[in-house]
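For reference, chains read A, B, C and D in written order, and residue numbers begin at 1 within each chain.
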Amino acid sequence: MSNPYIPKKVEILGVLDESRDVKTLRLDVRNSKHEPGQFMELSVFGYGEIPVSISSSPTLRDYIDLSVKNVGSVTSVVHEAEPGDIVGVRGPYGRGFPVKDVGGCDLLFIGGGIGLAPLRSFIDYIRDEREGFGDVSILYGARTADDMVFKQEFDDWRSMFDLHLIADMESSGWYGRVGFVNELLSDVSPDIKNTYAIVCGPSIMMKSVLKSLKDMQFPDEQIMLSFERRMKCGIGKCGHCNIGDRYVCIDGPVFRYDKVKGYREIWG
Amino acid sequence: MGSDIEDALRGEAEKLLSKGDVDLVLGYCMEGDRVVPCFISSAGEVKRLVWNNRCKNNLAVYLRDLKVRVAVVAKGCDSRAILELLKAKQLERDDLVILGVSCKGMVDREGVEYRSCGICLHRNPVIYDVLLGELVKEKEVRDVDELESLSLGKRLEFWSKQFNKCIGCLACRNACPMCFCEECVLEKKDPEWITRAGDVSDIFLLHAIKATHMAGRCIECGECERACPVDIPLMHLYSRVCRDVEELFGVESGMDQKDKPPLAVFDLERDAMWEENEKNKKR
Amino acid sequence: MKKIRRDDVVKLINELRKNYEVIAPVKLDGVVYFKSIGEGDVITLDYVNSAVSPKEFFLPQRERILEFTESGEKVTVREDLKSKKRVFFGIRPCDVNALLVLDSVAREEFEDPYYLDRRDNTLLISLECIEPGDDCFCTVFNTGPSLDEGADLVLTDLGDSYLVNSLTDEGRMLVSESELLKDASKTDEQKADKKIAECADSMEKLDLGNFSVDEESIKERANRCLYCYSCTFICPTCYCFDVVDRMDHYSGRGDRMRFWDSCMNPSFTEMAGNFNPRDGKAGRFMNRIKHKLEYMPSRHKVYGCVGCGRCISNCPAGISILDIIRCGVSK
Amino acid sequence: MEAINGEGGFEPRIVGFLCNWCSYAGADLAGTSRIEYPPNLRAIRVMCSSRVNPVFVLKAFQDGADGVFIGGCHPQDCHYMDGNYYARRRFMLLGRLIEYMGINPERLRVEWVSASEGDRFARIVREFTSDLKMLGPLDLKKRVCDGI
């Protein structure tokens, strides 16, 4: 019986600053077979374990990226990590985006803040497997321009996809739009019959984006949501991350909206 | 027992609710064969209210969360808790109508009196707006705590054995009407005084810390002991602290609106005398 | 079938102790616990059920799941993962069924090695009930008072002796050597059946055919609940746990511990950054009840309540899950 | 805490919480005056004796201290006017509580030592150390865990 609680020790290859409170750990995990949207349990021995979305595409063979926002006791230690340090990982866990089901269709990515991390995994996957998918639009909002993550990818994405950015607040050096990310929906005119919306971000943002998507007559089956909950084990044992009878860790984190629609407390 | 009181209670509750003086009456009702706390919000429901010798719950525990005007049935211990909460500015006196009622000691399902009721010296409500029934004669002399006679080693052994049973559920804290801190030292994570998933010595520490925090606050209602699923006699600990506070600082919590929290004030002469006393006792 | 004299039960346990660690009920200050029996422990056979459920011997209140060094260069599993062979004596049918519930969680998709190791290495000797406790309602979920599967041996009280029925080969082997067991007669078996039937008849039965959780009945009780967490800690089927790392910076060694957590605690769902998807007391209460009566059946095809009645007996606010079930039936 | 290994026999471990303005200065004076006193006391400087939370004391006992010493300014000399008065009440109560729970109250010692009383500080530490030697090790963690 293999023990799913034992983390694999991996070396940190690099630490990238994404924004003032987000860092990406580049880990020495080769030939990862994860699905975009899955997560890993990242251990800092002696401090604890946290679930983190994999933000790199499975098409990259030499490493995986985990992007971590500094919000709590474990993540603050993660932010002190340096290349060469050893951390533990378990996973990949959960159900990612249904890559096969949405093949050939147009995709509308809507991300908020650090919620872009799992989307980036999918977006970069499409970049590398371009012919399998239709048109791709990316709508991304963050609190300020400084809070935007994966900025180094933006030029690349612009060249291949339709990228729209927005910041909640003005800040010096930001000449783009100011407002909430659902306002960007008016910039795109997706062919609703043939488009999947893929949403990840803070609860309140997902809730308002969902409302806008419903206003645009998006069917529930074509909306994919990636949820975040307090998780401890990542493997459906500890009971913390339930939404109704579903566990976010093993049934999610990606849910098709029609599958969770009826549950209490999906938004909190 | 108490059918007159029950009638008076229902009458008073009906009056208060129908006149609109309160939004809610907090009392007891029957549910199956159990007497449980209940919230009555309309005059038509007052028939559900009961008063008997199984109304064990300290209703003060609910008051802080109720943001409406409440009439509350208060025994001796409930009223002491209310008084102490009022002093701590946790309740608004104007939002409260206290329906005082004297207690004859509560019993469990088997008819056995709770230990906290057995040792109680304050069965009459200390603060009330309406008195239902009459005041009763109170016990005047405290029972001797049998644990006092044990040697130090035996006492440590006793508590270690008791705490070995503890499953760390914190029911004793959660059921306590006087535990109202927003952030509890027992669950604090940085610094983590009580190691989560620690050993029995952490449980020992947990109960010792809780006991220090009950000083000048515990009103000896026994809710902690009743909530404990493994029957740890916690009241021994808290009663001891209450007795010490009484002896050292001359204050019994929940008895007088004018008393100050004993650990937030000092009395130079008295404290110096007791300091000397305590030192001499040790030698 | 076999039988054993009442006075011989303790002797049997002492025989078993030669080869097994034996867990059996003992009484301390009038409260019954299951305990790993050592020299001098007095086993009691006179009890309805234990205060804390037997789950603590399978999913302990706190356990070390990993050991590691500070730099993370060495990570080892708990050393005693291969547990000793154990015999659990005196577990009630409801609690055996509770273990079956925990099994379904532990075996779903990923296997929980710590739980299953203990589970696989423990033989269960169940004691059927001939008299229900005040708050027992196992008949509602068909989890008692008799037991047909889940344990290795089942004992039924006949007064001066116990009928012994082996449900598994391991159970049969366990007592095959013992001279304390004698052959039981047909009359003994009939007597046992009659006692069990009498016990079952005296208890409540509900038709759960079109049961659905009645939310109104929950809301009212959620107000009254003190959120003391004790129900979740003593429940035989509550399995939620929290995980914490401990590090001793002097020695550079640390452990990863898991310990029981309660869904009644507001921090249960609180994430870093103070976002709590399940805010409010009523939401927590609703989740606990629905988890047992709605989510477990839909996910694992088994009710998450076995009718042991512990939460009812111990609730300081007198809340009864049976009342909530009744409301959902009659609706 | 690591044990001090004296020349055979038991060397008690004492955690001392010393107030910045009086007792700590008193300990300092004892040192600079080269007054000898046992090395058993590990000093922790606090700004005032009332800074010492009963939790600190209990935690020290749990972590292996055989005795806890709290040093503050003499009554009426508190740098913050009345901090030591609160401390006095608090630790009178804590002493009684630990006694009730089975820990000898002599293991908790509260003394008022001024900045000029270096010799007195040394004498108290000597006295406390020898008292604790008589009492023997506390070993709270082990005794509680073993239930004996």
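Methods note: contacts are C-beta pairs under 8 Å (C-beta built on N, C-alpha and C of every residue); 3 or more make two chains touch, one makes a residue touch a chain.
Just so we're clear, the structure is a prediction, and the values are computed from it rather than from any experiment.
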Relative to chain B, chain with the most remote C-alpha centre:
A
Taking each chain's centre as the mean of its CA atoms, chain B sits from chain D at a distance in Å of 34
Any idea how many Å lie between the Cα centroids of chain A and chain C?
39
What's the distance between the Cα centroids of chain C and chain D, rounded to whole Å?
47
Where chain C touches two or more other chains simultaneously, the residues are 242, 244, 246, 258
Residues within chain A bordering two or more other chains:
73
Residues of chain B that contact two or more other chains, please.
161
Would you identify the shape of the chain contact graph, picking one of line, ring, star, complete or other?
line
Which pairs of chains touch, using the document's own definition:
A-C, B-C, B-D
Inside the complex, what are the residues of chain C that reach chain A?
65-66, 68-73, 75, 77, 81, 105-106, 108-114, 116-117, 239-247, 254, 256, 258, 261, 263, 268-273, 275-279, 283, 286-287, 290-291, 294-296, 298-299
Provide the residue numbers of chain B that touch chain C in the complex, in ascending order.
31-32, 34-39, 57, 61-62, 109, 161, 165, 167-171, 174-175, 187, 195-198, 223, 226-231
Chain B-facing residues of chain D, complex
54-55, 58-59, 62, 75, 82, 85-86, 88-90, 92-106, 140-141, 143-148
What part of chain A is in contact with chain C in the complex they form?
1-7, 9, 43-49, 71-73, 75, 85-88, 202-203, 228-230, 232-233, 235-240, 242-245, 250, 264-268
Using the touch definition from the top, list the residues of chain B that touch chain D in their complex.
147-148, 152-161, 163-164, 185, 193, 199-202, 204-205, 208-209, 211-212, 215, 237, 240-241, 244-245, 248-249, 262-264, 266, 268, 271-272, 274-275, 278, 282
